[in-house]
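One chain, subunit A, links the two complexes that follow: it is found with subunit B in the first and with subunit C in the second.
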Partner chain A sequence: MLYLELLIQGIIYGSMYAIIAVGLTLVYGLLRILHVAHAGLFALGGYLGLLITNATGSLLLAMPLAAAGVGLVGMVVYRLCYHPILDRPPYVALIASIGLFIAMEEIYRLVFGPYGLTYNDVPLQSQIAFLGMNLRTAELAIVFGSVILLGTLSYLAQKTRIGVAWKATVDDPQMAASFGIDPLKVRYLNFFIGSGLAAIGGIFISLLSNLVEPTMGGVPSYKALAIIVLGGLGNVTGTLIASLVLGVVEAFGTIYIGHLMDRDAIAFAFLILVLMIRPQGMLSGR
Partner chain B sequence: MLKKRIFMVMVIGLAVLITYAPLMAAETIKIGFHAPLTGFAASDGKSASEGAKLAAEQINAKGGVNGKMIELVIYDDQAKPAQAIPIANKLIGQDKVAIGVSGSYSGATRSAAGVFQEAKIPYISAYAIHPDITRAGDYVFRTSFLGEVQGRGGAKLVGDTLGKKRVVMITLQNDFGKSLAAGFKSAADKFGITITNEYQYSMKDRQFGSIVAKVKSDNPEAIYASGYYFTAGPLVKQLRAAGVSVPIIGQEGYDSQKFIEIAGDAAEGVIITTSLDRDSDVPETKDFIAAFEKKAGFKADMVAASGHTAIMVAAEALKKANSTDPRAIRDAVAETDLKVSTGTIKFNKLGEVLKAVQNQIVKGGNWHRHSVIDDPELLAPPAE
Partner chain C sequence: MLRLDSLSCGYGAMQAVHGLDLHVAKGSITTLLGANGAGKSSTIMCIAGHVAVHSGEIRYKDRKITDASPMQRIKDGISVVPEGRRLFPNLTVKENLIVGGYSRSRDESNRELERMLSIFPRLEERLGQRAGSLSGGEQQMLAIGRALMSKPELLLVDELSLGLMPKIIDICYRAIAELNKDGLTIILVEQSTHRALEVADQVCVLESGRTVWQGTSDEAQNNVKMIDSLLGLREETSDA
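Showing the complex of A and B:
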């Protein structure tokens, strides 16, 4: 019984990680950039979602608006921060990204205050009895929301023209360009979708904790990196599997080895363990 | 040409500043203050510095200290030990403060305390709880409880006042949480408490799903959980959402209106050990609560009251010493006997304070008095 409950908590953690890490792995797959500022966009999603929900009373309205807004900001981040330095070595973009992330945290602090924001009335808090457990609607929404969003994304990537173009560009940018695919368009789309998903992740997390704070991107900023490494850099399926596995490992780990190491330490110990056995990650990249 | 002119103006400006700065400075007495104004602890830094500024304003409105205005020199230490050391050196060497006050966490305060002790400039920790801070030496004082002392108070509250014996602990893994847990455990036997399990979490955790599931299956009579409002708010909310209905006992880290805002209805009935009594009849406390809300625009919390307290103690010592000699100021601090918002401040030989623990409970969305623990033997701080 307890094990089942921990497993479900692990799947909830994993769903949150998945929706954040997918955007990061998309950027890495396309541009070979470790996009740390992704976590800053995740926090921005939390802020926009909360502010719109508080203003309109509708989470259903806030989700797409926040996702679209943050998606646009993601495109701007690409244009202003990464586009001018694409020809530099990858660490240049990494340093720029870390700098941008720190700046974003401090901007949130200045604009929204250091204390964090809370919902006037937190949505999706009704409880559902499930096999003797009390789950919150928000927890179910996180799991099913992630499955639906990521499923839709995968469908679009397989079945639409732009999806195929995107996959082609990831596989071989020069070849794709010679077939008339505009790489810039693909990159913008990439940042729009990845950042939008991060925004949804930010809203999901705020529903559980009822707290959106300037530093809420702190943990995702490095844990999402661990996840995409675990999944085999740039491999979307691997990232999803790694997210779920890590979520479950953390859920059990915090209870049974929590007195030895904290949650982050468990995650990184697991990462090291996996990399010792499979240096290419759980599923290898290309 | 233009550049040269600007340069000349700057040089002249600098020369004027250097010549007259000591004259200007002579009209004020400087109190050094460092707090985390940015970074993860920025909210506590804001409360602490607003409390400190309020104290300085109140003192200056009453004519300052021996005819001189006091001036706060405030730096941002981001709650980082590595930032606190250069800041302490700057406060002592460059700003020439008469006394230093920490509005920061234990890590930063421990580092700065060593520097102040070395320079033999008096230093007061407003709310950092690590035992080693005052052990830096005889120039270092603390106006708040030690973590261990408050943990022992928590054990009395749980085992004696509430009569709950089977307890699960949820401990924040840092100086604050660990010393509270140590204090609670050391007094648990005395009050017949059995600790059935203890879980640890880190400062960055906001999602407690798995700990909540395990606590539920442990089925304790009460939960003793350490944390700050930004970890405790989500924790309490998630415990209650999962159907855990036993009493939750916290401590001064919860002590903020923000905790109630985050946890919402789940906060009702949570009891904490702290040092600010909202329902106090003591004029110093009542006046502080009213004045703080008016100045800062948000409700007073433990950290704000502690920042205010430490500056009041510093100013009183400067007044009594009536001298710029650090030794005289230090001796005046040691002899403090002052009624302030958090109680009556008197120091023991180690520079620790002995005062009653104020237990507060959340009722109707606000903190209110639950009970007071005034047991000098249980709450005695170490003397060496």
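Showing the complex of A and C:
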């Protein structure tokens, strides 16, 4: 029973990591940029979700609005921060991204205050019996929400013309353009979807902790960066598997070696260990 | 249909083609011949919009397209089968064909897909397979099929026979001849000179980015001086 509980806890956190990391890997797959500022968009999603929920009392309304709003901000980030420097070496975009992330944290501090915000009435906190365990509704919502969102993303990529166009642009942008696919539109779409997912991730984490604060993007996003390396850079399937593996390792680790290090330390120790053994990632795809 | 007037193009400061003049008539097959580095592929990719024009002009259907984007050119009816095929290796055969027809409506694209599979029935058996896992011959068929999905009026084909078995080359050349019979204008870049001369109406020989000879295919077959300038043609024709 303990193992099942730990497994489910691992899947809950793994689902949340997956939502954040898939957005990052989408950007890396298309532009080969390590989009550190994704963490800032994740935090913005948390803020917007919380503020809309507090204002309207509806989390169901807050999630799509926050995702769409952060998606649009993601498009602006691409246009202003990355687009002008695409022809420069990748470290230029990385430095710009780190700078943007720091700036975003400071803006949140100035606008929303340094101590963080909490929900007036935290949604989805009722207990539900699931496989003999008591789980918070929010925890189940995170797992099912992630499955639905990532399933929808997979459907878009596999079954629609725009999804095929996106994959073609990832493979060979020049040839994709020569068949009439506008690479700029694909990049905007990519940032919209990736940033929208980050926003949902930010809302998910705020439901578990009832706290949204300026630096909340830091740790989850560093983990997400490590996850996309672990999954094989640009490999979406690898990213999903690595997210779940990391969540489960964290859950088991907190029980068995929790007296030696905390949850985040366990996660990073595991990531370092795996990358020492397989620096190309667990699923070294493309 | 297509006019290149004093066209010079290249990559950054490096000029690959110097002052090329070429007139391509509607419904014809024009072949560009020459050794490696002669500027054939650069010319093709310049017409497709992927290599920068340094000077000169490209006119297509009496309209200047020198500065048009590759996206605009495919909408205007110019499609390319690039050197090395450059398929999307992680996409399936069907997805590659869908990308080929992206500039058309979904209905048009579906109709073209049916037509393409009738031209290359072998692709129908491989529709769900990743393009990167196809044999060289199947990849070439897919590259041609993908280019045709946009219903082009001008097809640019770079190195049709490179690295293919003779049987597959026959299939590809048969397809080219049939497409031309249906009215498609084709510019063909080849190193296998005698195969190109069999189907071509017009021949342009390039050397170091400059035109050294232009004429009809019959004139090319009979022009000893030009034949001498083409690497290996004498041996190929005598073997044939």
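The working rule: the second predicted complex is superposed on the first by the 282 of 286 C-alpha atoms of A that agree within 3 Å, B and C clash if a C-alpha of one lies under 4 Å from a C-alpha of the other, contacts with A are read in each partner's own complex, and residues count from 1 in each chain.
What we mean here is this: a contact is a pair of C-beta atoms (placed from the backbone, for glycine too) under 8 Å apart; a residue touches a chain by one contact, two chains touch by 3 or more.
Only a predicted model underlies this, so the values are computations on that prediction, with no experimental measurement involved.
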Mind working out whether A:Thr137 is in touch with subunit B, subunit C, both or neither, as first, second, both or neither?
neither
Touching A:Ser154 in the superposition: subunit B (first), subunit C (second), both, neither?
neither
Is A:Glu250 touching the first partner subunit B, the second partner subunit C, both, or neither of them?
first
Once the shared chain is lined up, is A:Asn54 touching subunit B (first), subunit C (second), both, or neither of them?
neither
Looking at subunit A, which partner touches more of its residues: subunit C or subunit B?
B
After superposition on the shared chain, which partner residues are touched by A:Gly180: those of subunit B (first), subunit C (second), both, or neither?
second
Which partner does A:Ala165 reach: the first (subunit B), the second (subunit C), both, or neither?
second
Residues on subunit A lying within both footprints (that of subunit B and that of subunit C):
none
Touching residues (chain side subunit A, partner subunit B) in the complex:
1-2, 5-6, 9-10, 12-13, 16, 106, 109, 114-116, 118, 122, 125, 127, 133-134, 136, 139, 205, 208-211, 213-216, 218-219, 250-252, 254-255, 258-259, 262-264
Write out the stretch or stretches of subunit C touching subunit A in their complex.
48-50, 69-71, 73-75, 79-80, 82, 86, 88-91, 95-96, 98-100, 102-103, 106, 146, 150
Tell me, which parts of subunit A touch subunit C in their complex?
161, 164-165, 167-168, 170-172, 174-182, 286
Residue numbers on subunit B that touch subunit A, as the complex places them
38-40, 42-43, 45-46, 173, 198-202, 204-207, 209-211, 213-214, 216-217, 230, 233-234, 237-238, 241-243, 258, 261-264, 298
